[in-house]
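Letters A, B, C and D mark the chains in the order given here, with residues in each chain numbered from 1 onward.
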Amino acid sequence: MNRLSKLIVSAAIAGLMSSAALAADTIKIAFVDPLSGPFAATGAQGLAQYKFAADELVNKQGGVLDGQMFEIVPFDNKISAKESLIQLQVAIDQGIRFIVQGNSSGVANAITDAVKKHNKRNPDKQVLFLNYSAVDPALTNEKCNFWHFRFDANADIKMDALTDIMAQDPDIKKVYLIGQDYSFGKAVASAAVKMLGEKRPDIEIVGNELHPIGKVKDFTPYARKIVASDADAMITGNWGSDMVGLGKAVIEAGYKNPIYTYYAATDGITKTFGEDGKGSLRLVGEGQLNPPVSDRAIAYTKAYKEKNPDLDIGQPRIANVMEMLARAINDAGSATDMVAVANALEGMEHDSIWGTKVKMRAEDHQAIQDVHILAHTDDGVTFDFDNSGYGLVAENTVKMASADIPTTCKMDRP
Amino acid sequence: MSLIIVNLLDGLVTGLLLFMLCSGLTLIFSMMGVLNFAHASFYMLGAYFAYQISTYLGFWVGLLVAPFVVGLAGALVERYGLRRVHKYGHVPELIFTFGLALLIEELVQFIWGKSQMAYEQPPALDFTAFAIAGNAFPAYKMFMIFIAMGIFLLLLYILTRTRIGMIIQAALSYPHTVQNLGHNVPLIFMGVFGVGTALAGLAGVIAGPALGTFPGMAFQLGSIVFVTIVIGGLGSLWGALFASLLIGWLQTFAASYNIRFADIFEFFGFTPPVDMANSALRDLWTLTVPQIGPILPYLLMVAVLVIRPQGLFGRRET
Amino acid sequence: MNAPAIELSGLCKSFGTIEIIRDVNLQVAKGERHAIIGPNGAGKSTLFNLITGKYTATAGSVSLHGENVQNLKPYQINRRGLSRSFQITNIFPKMSVFENIRCGLLWSMGYKYSFWTLVNRQTKLTERTDEILEQINMTSRRNDIAGVLTYAEQRALEIGITIAGGADIVMLDEPTAGMSHSETDYIVDLIRTVTQDKTLVMVEHDMGVIFDLADRISVLVYGQFIASDTPAKVRSNEKVQEAYLGAAMEAEH
Amino acid sequence: MSVVSENASEATQSPLIVWSQILPWIMASVLLAALPFVFGSGSALTIMNQMAITIIFALAYNMLLGQGGMLSFGHAVYMGLGGFFCVHLMNMVEYDNLWLPLPFLPLFGGLFGLMFATIIGLFSTRRAGTVFAMISLGVGELIAASSIIVVAFFGGEEGVSGDRTMGPTALGIDFASQKEVYYLTAFWLVLSALAMFLFSRTPMGRIANAVRDNEERAEFLGYSQRYVRLISFCASGFFCGIAGGLFAINFEILTQENLDLTSSGIILLITFLGGVGFFIGPIIGAIVFTMLQTVLSLYTEIWQLYLGVLFLMTVMFFPAGLTGLLAMHSLPYRLGKFSLLLVPYAKMALPALVLVLSSASLLELLFHARHASVGENEMTLFGITFDSHALTPWIVLVVLLVGSFMIVKRQAPSLYDAWQSANHMEPRS
């Protein structure tokens, strides 16, 4: 009997939740990313940027279509594939048709797969997946699908840009590759080997290794090897505490040359590196905050920092996601016909607030844009990170990086 | 050769740090029979408290004060939480500490947020002590070694030269008899738990700047502490020391040398699959030792438990 | 088959450097009620644990019905027809009295590890359990949780569990320890009824109980038997008087 | 109090059908069949499926912890491995023309879980207690770590995904809709739960309890404690594998998180929260936990903090779990004195509710004040929107908190007295 009543109570709550009324005057966008657990900091940063971008770039401009506003609805996926799929289902039930997600390529893979199946099985309730951060190249190559759009440069594009810049530096003779032992770490390493081999066959790869992800407490032994190898530069795809641990250990062990990274800023990382990272730490990525590209960018960033003094614009592309989605909805004339919106997004060329042109390549739904090499420093920093005085300053720029690199994507169009 | 010396030193730092956690855990387990799952959480609290104190009063005050605060927190947890659960038996006690670990992580995030804290080593120690073949050995690591050694000697002194040490030693060997000696057992329990957690806190205070201060730091270290004392033998301080150093060096050396599994397999006469990309065993063939370094302790523990369930130095059946 | 029920030859056991059992030889005939007595620390419980497979001997051998059971596990020895009780009450405190007895029956009634039959459907099992409950006078406590029984009841239950499996050798470790006189009488009667036609080996301190029950008595002092004979002869044995009985009498009165 | 002997009273006679035993199962089945007509939305079905899977997993876990007394810290691997195996089977159905109707898939997951549990159990069940717990932790960590290394089987970080609709269909059911999957899951739930329930009533199940309570005694009754533990362990592995297979069908993807220590820890938490001493304990635990995880997290970011507090409170005050709390009321009910409790409960209900809600609100307020964006001072709690930086809400909440605490404290003795008299048994005549 207890079992019965328990079931009824719980089911009643489930019903409450699913019958949540949906207002027709807003266009809801589901933000599916970690808001609790170890990666919650990154998720919270993304959410704040989305809310700000939706308000500032869309709603204050009068919204889309006949004045419909964007509303960001957060869903905590706890960086778990399973939870993401549950929350995706909840979002779809609430009538949400746009899904944004970025943290973890594993989750992105699960979502893109689920969205594909959902759209096939429920043609009347199709949804779009706007991926703003997951950079696994497969998502726009062998695993590409019509409903997925990527706004960040993928790992291969970033490596292409990075190796372009490195190839121009004659002082680099030995390179050390180290990364986390999973798909992204492996993708970075193999892309680096391949591209350096093409562009600068004379560069010697003095180390190429993977370490278990999130399990190394002390990176000193790795740092010793890197110092002992006499590398002129090192490349790592590490993020989170693996990035901090590795970076600090290497610098502490006496390494002075550049450390090229993908993710080594904000979320306390910039502050933690501080003075130590100056001169060696470099990021490859899109979006140039320093020096500011335009008054509009300055105003936007300033307004954001006023609203969120403890947060940073760590993912500048989020502004592009909002602006481009708004344009696509207007072009399509509908926020419910996903095929039309997707078709409008395909091939769209957009002038970003960050000064670059962003082209959503139609063949694979990969955004092509300028990619920068950004130095961690306190010189010439208008907008710092973590309120530390340190920030990222663009050193080099590769215009429309990898625009000519082919994709293996064979897109199935409805 | 010079790299081996550097590795030995690095491994010593890791091992001694581990020992500071293990010694407290061993004390608690020996006296109270509780495997404190939240031990690493007190280590994390140590780092966060010290960080908070250091932002106002500097590193050195944090170093002195934070372990006491952690120990006090530990004593309170014992007094108002663990003692209540004690009567239900060991499994609920273990599960209590398991829940406590979850709660502490949530509380830390609630208070300090989810980002990495900028907890830094003091400027006075921010220099290179010496360098061996280009590999710098930071002064802070020397400092860590000294502190850990100091704690070890202090523990040794207390355990072998003082009356309270005698009681504790008696409890290590004969856990049931101490109660009969007329000692205030609840007070001793509270004290031991406090001291044990304070040791963990101290480890956190000095490890925070070196290994990072973030909400995941307890989880990262949590189970490895168990593994260490299980390998060493539950209830054995010398076993804890031996296992800590063993694991410190094991992990350091495993990460330092890129031994490929393919070489090992070929040494034993296996031939690599012709079509590597499609072989079901491709992952094994491309594996290197650093990739599996951090899981070696678990492998070691399972092996030890299967062969010698009481651990390397343990006398008691668990 | 005239092999003795239990035969110990040259049995030794040391813990570290301390010898607890030193070259013990003993034969217990089928159907005999044999008591082992001795001062505290003489090694009686150790001897029990050696016979029942809890400890392995350092040297010597243990045979049951002529079969060497050295190095067998307790459960294997039990399956060869030996059952025991413990000095400290050893029952299943969270289960009902009925279930305690039933657990004692499961193996002997051939259920082994089966997970395809439901215990409640086994009429014979239930009947047999109730018979034993009747035998130990605990039918009225049938559905009570064993942990809430009185001490004497728990001891009786333990004897019930011990004999439930129908073992032909029953070993009882101080069955009356810590009991009042009336309780002791109750247990002695119980032992007498339930061990009819069985071989009984018991350790006991209460001399009354021993002289009441035992056919033969062995006296263990410092890990060695100093006498092994009928109660009357043991009582009059000078060595026993000197080494043990006198001291024991003094200590107990 | 914590463990109630399961069939003390019902073992008297054994007619073929005991309605009092069968009725709950029939009712549960009818309820499960009816639920989608009430909660038919995709997310409700997804959550119910998730619940059903967790229930099977938690019941299987409790075969170890509750029935067998073995504390495992790495039990997710058996469910995870069963799930991975099933996804691979699903892909073989899709690409290699393997003929395997989807409804049978969980069985194969179970068999794989059983196989793996047998391998591990052969050495891990040799001892109980801490040694077993630590080996389970070590094995769990090893499998979780190798799941990233051995990409061929585990698919690395992305995991392995499949498509459940590619198998042979019957009666036009291709399992594309959530509802079809729900009924499949519900069928397996009833089947597995029934099987596990009956297992506890077999000689093996009873002796597993005996070994849990007193392994030495069981050994002297002819049972090898090691085999008993091994068989329990294997049976548990089998049902974990079934849960894994259902997971594969529901989510069509398995990733590393299905194996990791967090998942293993969660199932321990669920089982203990529900109550390890009762068969329905894990069921209640799984339902409550899934609701907290999927629903509460929609409303608050600090749901894990509440979960942690709830869990610790349970361990400290109700070690028999939520079910134990309910079971405590069976004595007053049987004594016919339940009515004695109604008034004190009613008096306590409101202040207790206010106490809980106001402390939660204070936490939310604190959290909002600390972590929300500047200018976003507005927050909404229970439909009331207010400024988290103003003094009023703080004062209101503190007053509510202190006030309700005082009332609760004042009511406590009378509740305690009522409880005592409701549980007071008349001396036996």
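Of note:
Everything below uses one rule, namely that a residue touches a chain if its C-beta (ideal position, glycine included) is under 8 Å from a C-beta of that chain, and two chains touch if they have at least 3 such contacts.
Just so we're clear, the structure is a prediction, and the values are computed from it rather than from any experiment.
The pair with more inter-chain C-beta contacts, choosing from A-D and C-D, is A-D.
Centroid analysis (C-alpha atoms only) places C farthest from chain B. A separation of 35 Å divides the Cα centre of chain A from that of chain D. Here the spacing of chain C and chain D, counted between their Cα centres, is 44 Å. Our note on geometry: chain B versus chain D, Cα centroid distance of 31 Å, whole angstroms. With centres taken as mean Cα positions, chain C sits 73 Å from chain A. In chain B, the residues that touch at least two other chains are 113, 291-292, 294-295. Taken residue by residue, chain C touches two or more other chains at no position, since every residue touches fewer. In chain A, the residues that reach two or more other chains under the touch definition are 40, 44, 181, 212, 215.
Of all possible chain pairings, those that touch are A-B, A-D, B-D, C-D. Per the touch definition, chain C reaches chain D in the complex via residues 52, 54, 73-76, 78-79, 83-84, 86, 90-96, 98-99, 102-104, 106-108, 111-123, 126, 143-145, 161, 165. Note for the complex: chain B touches chain A at residues 3, 6-7, 10, 13-14, 109, 113-118, 120, 128, 131, 133-136, 138, 210-212, 214-217, 219-221, 224, 251-253, 255-256, 258, 288, 290-295. In the complex of the two chains, the chain D residues touching chain B come out as 2, 71, 123, 126-127, 129-131, 133-135, 137-139, 141-142, 145-146, 149-153, 261, 265, 268-269, 272, 302, 304-305, 307-309, 311-312, 315-316, 319, 363, 367, 371. Across the complex, chain D meets chain A through its residues 24, 27-28, 31, 35, 38-39, 41-44, 46-48, 50-51, 145, 148-149, 151, 156-159, 161, 163, 165, 176-178, 247, 251-253, 255-258, 280, 283-284, 287-288, 291, 293-295, 297-298, 301-304, 323, 326, 371, 373-376. Residue ranges of chain A in contact with chain B, taken from their complex: 38-41, 44, 181, 207, 209-212, 214-218, 220-222, 224-225, 227-228, 230, 241, 244-245, 248, 252-254, 267-269, 271-272, 274, 386, 388.
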